[in-house]
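Paired with subunit B in one complex and with subunit C in the other, subunit A is shared by the two complexes that follow.
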Partner chain A sequence: MKNRFEGVIGRRDFLKTTAMAGAAALTMPGMKAFAAGNAINFQTWSAAVDLVKSHVAAFEKTSGLSVEYANSPWAQYRDAMVTKFVGTAPMDVMWVSDAWLPEWAEAGWISPVDEFDSLMAYNADAETFCTDSMTYKGRQYGLTYYTDFMGFIYDADKVAAAGFSAPPKSWDEVVEQSLVMKEKGISDFPMMLAMAKESWLIEFMSAMVFSHGGRFTNDEGGSIMQDEKNGALSALQWVVDAVNKHKVVSPGCVETGELSGLKAFASGNHAFALLPKYRLAMLNDPAQSQIAGRAKQALMPMGANGSHATVGWMRFHGMATQAAADKARADNAAKLIEWFGGKSDGAYTFQKLLFLDIGAGFGVKPLFEDADIRAKYNTYADVAIIQEQQALARKKDVVTPWFGDWNEVNGASWQSAILGNVSPADALKKSGEEWDDLKSQA
Partner chain B sequence: MRLRRHFNYEERTALLFIAPVMTVLGVVAVFPIAYSFYLSFFRIKLTRPNRTPFVWFDNYLHLFKDEMFWTAVLRTTTFTVISVAAITLLALFVALLLNQDFRGRRLVSTVLLIPWAIPYVADALMWKWIYDSGYGALNGLLYQLDFIDKYMIWLGDQDKTLALIANAFVWKEVPLATILLLVSLKSIPSDLYQAARVDGAPLLQRFFHVTLPSMRTGFMLVIIYETMIAIRHFDLFFILTEGGPGTASHVLSWEIYVETFRNLSFGSGAAMSYLLALITFALAYFIIRTLGRSV
Partner chain C sequence: MQTDRHLQSAGRAPGRSINYRRRAEIFRWLHRAVILAGSLAVMLVVLSPVAWLVSSSFQNEAEIVSVPPHWIPDQPTLKNFKAIFAATGDETVTYETRNKQDPASGDYIPSTAGNLLPAMANSFIVATLVVILNLLVGIPAAYAMAKIRFYGRNGSIYFILTTRVIPDIALVVPFFLVIKNLGLLDHILSLVITYLAITVPFTVFILIQYFEGLPDELDKAARVDGCSRFQSLTRVFLPLAMPSLVAVILFAFLTSWNEFLLALMFTQTAASQTLPIVLASFTSDFTISFSFINAAGLLAIVPPVIVAIVFERYIVSGLTAGAVKG
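Moving on, here comes the complex of A and B:
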């Protein structure tokens, strides 16, 4: 009886085809490097993928080194990376969020890069909060991928229609202008706050707290959020009053995420909003926004004892400990970090291209003077205000190995206070106790 | 030799054929279940890979003392009771309707299946848009019909959150429950109705004394299945509220997710999962004992 596979593919054919496929695969750049075993394993989340790929290609051409580039979606990135670290998957350079720095550093998955003078030289150009955000226990763990800060955005037409010549400078003025807008029927809830439980919530809270002159923790890392004078009380009290007493912020803010809030603001429902600064580009794009041309940025309003401070955040290029442990691998990894986070060909090419491509903020001051960047900014924003606000940005003071655990409780506490279930003081007391408890277990 | 002594040729052949499947099941099902039970005796936090002490039943004992855990149990119970009751009643009503001959019955049956065919994530995103307090369809509809004079807060109102999530759950689950009950209805012998008519039983009596008792198996199936699905349900909570506002939708499945995948505490997450599994088994046993007694 004839074998039914006979005539389709024989054993020799199979072996020949396999060998040819293998040879073909090895000629592909990634596989070649893999086979050689000396590729730099570079892991990112799925952002600006084409730009990253072309910058990787330029790096390979210039340095003669190979890069094995892979990316995964932002939503699953942290979990995917933790799994890879635990499973000791090959890793040299990766994008890191400032929120994960302490836990990854404590776990021994990433290593400081401050022994590379070539990388540390770029700190002279960087904003202070950027270097602060990449520093843990006095050691610096990387160089910029992108950075941004929470901005106070307003609809210039609504402010003018309410009879004001300038946007509010303080949180009291936000209430004052909002009440006039309500009275004139300009907006039911003039101030947009996105207080839903999502990853952005800590940035919104931090911007409120910093601008009210408060902090969540002190320099020693102890909780002071519950402190009446220096903590987060006045900020949370302002939010609670804005929702329940003045009714200038919608009670629906607890179900409004950053994206929903952005859409509502872009639809013209509100006059003021706290939003990441990079959202200005979308807000002033007529194809995406009904308030295009009217969305302006002002300095973060001040609380009674506060300042125009806001919160900034960092995403940076870090080095895996497994790479740092091997001198040759570490040197190669440092070269790739410099190519992306520092200068390539004598300029901050990647940060500049990233800004021009997707509007992502940069953390180095000289780029503010770049003609292309200024021209791009001028199409939708005021560079001077952005520069001034960025200089006032501060790193989050709650980023610790136990940040994730605490953040769940803190988010629920703030929401409970906004809903009127507990007083702001009790909500922050609970957050503070949770912080101390987690800190003692760490 | 021992195998030959205990099993005859036919049994040995059968064992040989099921061995690959049993091996696969052992690797992908039995081992993970057993291993996760083992993990529940350790304090494992992935971000502290070098500190994983064996803590015996501490993870379980800690849960019993945790106020949030009991709140989650209460919320899960409320959600389950509301959902299963609504699903059963609605499915019964629709099944009775579809059991009648009327024009367009096939079309109605087909349309009924649409919610069931939609994946839970899509279902959740759709309801998120419907419930949105700023631009949601629900507010738009009620406003245009003059039922409300200003847009309402839906998911952000802690008194409504659980009921609204239950509503989205019921919408998705009613079709399957209807089909199960319809099958049960179709299997009732027509002689029973004829005999009841001969005895002079009016419509309501026929319904309470013939239809309902004959559907006991169908009800048992629906209640057990929907209870198990509701208790463990996660998708809607994840997409609609992330456990909020405040702690208004902190159910057990959400607690387990946060503990395991956000806090990366696999030990206590596994302990919670085992408690949830135990509760589910206990409930299923209780329902079978109660409803299945005379089946």
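Moving on, here comes the complex of A and C:
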């Protein structure tokens, strides 16, 4: 019997046809990629996507250049970018977190931009800690577009209900007011701290340490976190006591991430919280929060030997090394960086719109004087307090190529101390030893 | 008398007989009650998150953080779903037309909300292509390995299985280089190709096990009756292998539908991004809405649930195909 299948098409013909179809299918997207070769490849994480698109559209119209804009989720952005760098995917400009700068710079994936005078001119307007955060080994790697700091936020109604006329000014007063709230049944755990091991943890820890007058490292980059006076001990001791002795912070804080903590605070479970300042807008939005209109910001409480200092962070536009290697590409990339991180059409348009749209902080001081911005801030916050606190923000002092490895150990050490498994001194001793070990290997 | 003595020695009062039938009935009811209680407890654990997913997707962001939670929304809203279905396509976004996501004015919907339906379409196309290609490649391969004795047969089977021992994360960079050199970055074909590398070995393995369970005599009888190998496969074995084919379809579809890592690496615009990537992007914006994410999650589970319902009667027999040999 003749095979019906063979009667229609032979095996060899079948293989030949499918191979040609496959080759054609593979070639078409390749041609598309080739055609897009002259565009500026711009990679961000998935935030403010519509605003970025609109600003890109304005750039294309003004400059005549085309931009291939792509984005991926924040939580996996670093991993995706590392793969793309290693795989030499086309890349010109990308968003960079200050925490990744040493790693990416050491790996040669991004290049300094300080040879572009047009970009360096904006340093005069930028907050000092922003410029510091974009600088590694004396070279500046980009222009900021978003900056924020860890804020101390309180529920004004709960503070008043507890009989206090003002929010706490020191960490001791936080305990004092919290204990009264517990006693009056206003809140079981008045203070919200999010100490889960996630990307925000270092910001929470740094805010606590800086406000207690401590540091993780000294100016030479050596570990001083274990130092009793100048290190992180008093900050960690406060957290441990707040959880275990005063019981004003939930032991569940070691499993609470920033987002969960925010939602818990928005539900009215707590009176005080450490949260990124830009969350104030959401907390005072009746459509999103049960405490709308009551969420206020105070200066970061002081430790016994501390100040109102807090930690600031920033994100910036960096230039890929593959773009920097080609003068024409580098010039185009610098234009896009300036359009977003500097002025476009004579104004800090992107930073202003980012703030007006979603409350994200800006890193250039003149915007504090902008009438639109002041009006907007005053609808849900006190711009004077924000400006004062931002001026007291400091960059993280642990951002190094070995930060990721150390952060794992340090986070686990803090959590162990909070859970009462080790003493705060032993926890920080371990963190310090890990830091020194990693530094010696670098 | 002897019985009374026996009862006394057993510690029971004489004259009271045991109603074994009643005792058995009580035990039977107790048994049923325990099973019912256990089932209800399991249902509660399994269905509560789904119930909350449904309920919260109809709430606004303020209501979703109410204490205690509102299982039945006080003010049900379709705002989240409207944002998803009101997608305006891929036209140029300007300052005037942008989604401002302004939390202070209650607009917490992420600006990428409109990407959800295109992402679902991408996921569906990818998953469907992967299923079809899995069947086209896997069925002949499994049939050949199960029914044709050739040199290197066992080695081939073990080699195919070995490819699945390597974790996906270890394959990301090599895959990336291949896809980049093919010019397929940010194209759904990149996902189809790489998902085939993941799913075909399992498909072949499951089908081999099932085909081997079918008697060789069927194959021989078909050949004696004049069938070619291809006809023997399509007319005799495939109709008998329906449960295992359903298992393969489900496995390939769900794997492709849910896959995250490779999609993250190979796609970067709405033109090619699949559902898991777009869902993850909703958590990376400045404004993060749990109620919107839950609405998106609710839509995301609809296609797999439909597939599961359609193939429900084949699922158990398919998943256990080859598990027991007679």
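The definition used in the following text is that the second predicted complex is superposed on the first by the 406 of 442 C-alpha atoms of A that agree within 3 Å, B and C clash if a C-alpha of one lies under 4 Å from a C-alpha of the other, contacts with A are read in each partner's own complex, and residues count from 1 in each chain.
The rule we apply is simple: a residue touches a chain if its C-beta (ideal position, glycine included) is under 8 Å from a C-beta of that chain, and two chains touch if they have at least 3 such contacts.
Please read these numbers as outputs of a predicted model, since none were measured by experiment.
Participant: Of the partners subunit B and subunit C, which touch A:K263 in the superposed model: first, second, both, neither?
Facilitator: A:K263 contacts both subunit B and subunit C.
Participant: Taking the superposition as given, does A:S250 touch the first partner, subunit B, the second, subunit C, both, or neither?
Facilitator: After superposition on chain A, A:S250 lies in contact with subunit B alone.
Participant: Answer with first, second, both or neither: which of subunit B and subunit C does A:A412 touch in the superposed model?
Facilitator: After superposition on chain A, A:A412 lies in contact with subunit B alone.
Participant: If you stack the two complexes on chain A, which partner ends up touching A:A75: first (subunit B), second (subunit C), both, or neither?
Facilitator: A:A75 sits against subunit C, while subunit B stays out of touch.
Participant: Please tell me which partner, subunit B or subunit C, touches more residues of subunit A.
Facilitator: Tallying touched residues of subunit A, the top partner is C.
Participant: Quick one: classify A:E338 as touching subunit B (first), subunit C (second), both or neither.
Facilitator: So A:E338 meets neither subunit B nor subunit C here.
Participant: Just to be sure I read the superposition right, which of the two partners does A:E434 touch: subunit B = first, subunit C = second, or both, or neither?
Facilitator: neither
Participant: Per the contact definition in the header, classify A:A360: touching subunit B only (first), subunit C only (second), both, or neither.
Facilitator: second
Participant: Tell me which partner A:D92 touches in the superposition: subunit B (first), subunit C (second), both or neither.
Facilitator: After superposition on chain A, A:D92 lies in contact with neither partner.
Participant: Residues of subunit A that sit at the subunit B interface in one complex and at the subunit C interface in the other, please.
Facilitator: 79, 86, 263-264, 267, 269.
Participant: What part of subunit C is in contact with subunit A in the complex they form?
Facilitator: Listed in rising order, the residues of subunit C that touch subunit A are 60-62, 65-67, 92-95, 97-106, 108, 110-112, 172-173, 176-177, 180, 182-187, 189, 226-228, 230-231, 264-265, 268-269, 277, 280-290.
Participant: What residues on subunit A touch subunit C, complex-wise?
Facilitator: The touching residues are 1, 3-6, 25-27, 29-34, 43, 45-51, 53-55, 57-58, 69-77, 79-80, 83-84, 86-89, 259, 263-264, 266-269, 278, 281-282, 284-290, 292, 353, 356-360, 376, 379-380.
Participant: Can you list the residues on subunit B that touch subunit A in the complex?
Facilitator: Checking each residue of subunit B against subunit A gives 46-50, 132-135, 150, 153-158, 241-247, 250, 258, 261-265.
Participant: Can you list the subunit A residues touching subunit B in their complex?
Facilitator: 79, 82, 86, 103-104, 106-108, 188, 196-198, 250-256, 260, 263-264, 267, 269, 401, 404-405, 408, 411-412, 415-416, 418-419, 421
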